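Heads up, the next two complexes both have chain A, just with different partners, chain B and then chain C.
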Partner chain A sequence: MAERPEDLNLPNAVITRIIKEALPDGVNISKEARSAISRAASVFVLYATSCANNFAMKGKRKTLNAGDVLSAMEEMEFQRFVAPLKESLEVYRREQKGKKEARKDKDKKADSEEQDKSREEDNDDDDERMEEEEPNDEEEVDN
Partner chain B sequence: MATARLSGTENRLVSLPLSRIRVIMKSSPEVSSINQDALFLTAKATELFVQYLATYSYKHGRGKEKNALTYTDLSHTAEECETFQFLADILPKKILASKYLKMLEKEKRDGEVREDDDEGEEEEDEDEAVGDSVGS
Partner chain C sequence: MAAAAAAVPGPGPGPAEAAAPGEEAAGAGPQGPSPARLARLPLARVKALVKADPDVTLASQEAVFVLARATELFVETIAKDAYVYAQQGKRKTLQRKDLGMGACSVLALAKGCCNGGFFHLSGGAEIIMDLFFLSPKMGEKNFYQRLQ
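== the complex of A and B ==
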């Protein structure tokens, strides 16, 4: 097969955990099944992104937003995801807001230069922050 | 369901790493930028998808008879359930190697019959015939 960058795969351990928590206790999951689900998940992301992007383009926007993703879910016949996603989004937004405010307080004491620097800095920083689930405010995460 | 797993996924809002999800999303050429909320939602949706695919396949598959989730359960889902049909290409049904080889052979024969209109030199029969006539 042609070269497949590993970056397009999702971490096996996390995928396995999600599967195990969804299925009844004690059910065995073959290695093949696990790997297949992982691949399916990657394909899902691509499909969802493409779909969401269509909505963004329809709205003449270059940035994918939450609404686009939700519309994509409906389009892909995963309406069942919409309600739980909206709920999670609210929690996420509150979390981010809380973190942002906590950071603001912290920054007030620290150098103000640092704050400006982190805004202008390139997106390598953004990636790192995302992994730690730190807020990116409402900023567009573009590359 | 009864067992409380201290894996941590139940407590976290999302377990799939956003950075990795972002890499996959960005591999799409048409995509320019992704808002943070959209990134989060995609990650969360993917988790829901994994759960759904696993439980659906388990429920409707035959692996259940052995208390397992097998590849066949998954490819069956991709083929039978419309919602999961976009996965049909990456979750093909498995066939026996012998069957596959036969299919290849048949395709090859069909190809030769179409291409070799005039020439017959490569056919086995001809060779044998030549061999016989030389012998006698």
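== the complex of A and C ==
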């Protein structure tokens, strides 16, 4: 029996929320339709990835970048997505930058505090630092 | 008149279900149809799909983000297109049959996808989705060729 890629599905709750927000109030969606859309969304990611990868390869690059994905959208006849995607990307970049700087500041503060304060303070800082470090900025998808 | 308004979102038991707090737009901008906001889909799940492609070596975090956002736009588009068909049928509940016809975007997806003629399909959204589950491994792209 073929292995069903169940874990490659996107979370139902999020998909449902996106659908509901796109529709006027009072409109509902059947479970089957929702499930179908969810699968189509997974398929969309796969195709878009493949398409984007072709652009990366054309550019002799081994890493997919945002530009490749945008080119893929055009190729897939979803040009109208490009503008909103570029906007979202700007917001995302700003936020990432903000996070990085916040982390740098926190580290600087933590360092000087460690030198002055007692252990209790250290523990608090450690906790904070762990939370900050979770979203790994430099992380890339690696096969 | 059992138009069961039972679109009660099942308790989808995904591990990384809700978008992580860090990923939701803190004080998002204008609430429009597609506001410039951060992704609601968990990037980890999207990343898992990207990794499923054996031809992909690396993907930047930005790329994964844009993919997630694009997927959301895609879902919105399909839902809206389907709604048009449901309305014609005087229904307030979207059903699966509304998707196949309204999903011209999905067909374009099926038809167009890079290298044009990558595969061709004649049946709309249903077929793409069924195929998705027929393929034993995501890595095997020859399932596309089986169509031709």
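Observations, loosely collected:
Heads up, the rule we're going with is that the second predicted complex is superposed on the first by the 108 of 143 C-alpha atoms of A that agree within 3 Å, B and C clash if a C-alpha of one lies under 4 Å from a C-alpha of the other, contacts with A are read in each partner's own complex, and residues count from 1 in each chain.
The rule is simple: a contact is a pair of C-beta atoms (placed from the backbone, for glycine too) under 8 Å apart; a residue touches a chain by one contact, two chains touch by 3 or more.
Predicted model, so just to flag it, every value in this text is computed and none were measured.
Taken together in the superposed arrangement on chain A, chain B and chain C clash.
With both structures placed on the common chain, the touch criterion links A:51 to chain C but leaves chain B unconnected. When the two complexes are overlaid on their common chain A, residue A:25 makes contact with chain B while staying clear of chain C. In the superposition on chain A, contact of A:81 is made with both chain B and chain C.
By the touch criterion stated above, A:12 is placed in contact with chain C alone, chain B being left untouched. In the superposition on chain A, A:90 makes contact with chain C only, not with chain B. In the superposition on chain A, chain A positions 7-8, 10-11, 14-15, 17-19, 21-24, 26-30, 32-33, 36-37, 39-50, 52-53, 62-66, 68-70, 73, 76-78, 81, 84-85, 88-89, 91-93, 95-96, 135, 137, 139-143 are in contact with chain B in one complex as well as with chain C in the other.
By the touch rule above, chain B contacts chain A in their complex via residues 1-3, 5, 7, 9-10, 13-28, 30-42, 44-55, 58, 63, 66-71, 73-75, 82-83, 86-87, 90-91. Chain contact summary for the complex, chain A toward chain C: residues 2-5, 7-19, 21-24, 26-34, 36-37, 39-54, 62-66, 68-70, 72-73, 75-78, 81, 84-85, 87-93, 95-96, 99, 134-135, 137, 139-143. Those residues of chain A that touch chain B in the shared complex are 7-8, 10-11, 14-15, 17-30, 32-33, 36-37, 39-50, 52-53, 57, 62-66, 68-70, 73, 76-78, 80-81, 84-85, 88-89, 91-93, 95-96, 127-128, 130-131, 133, 135-143. Chain C contributes residues 4-7, 9-12, 14, 16-20, 22-23, 25-26, 29, 33-34, 36-42, 45-67, 69-76, 78-80, 82-83, 86, 92-96, 98-99, 103, 105-106, 108-109, 112-115, 125-126, 128-129, 132-138, 141 to its touches with chain A in the complex.
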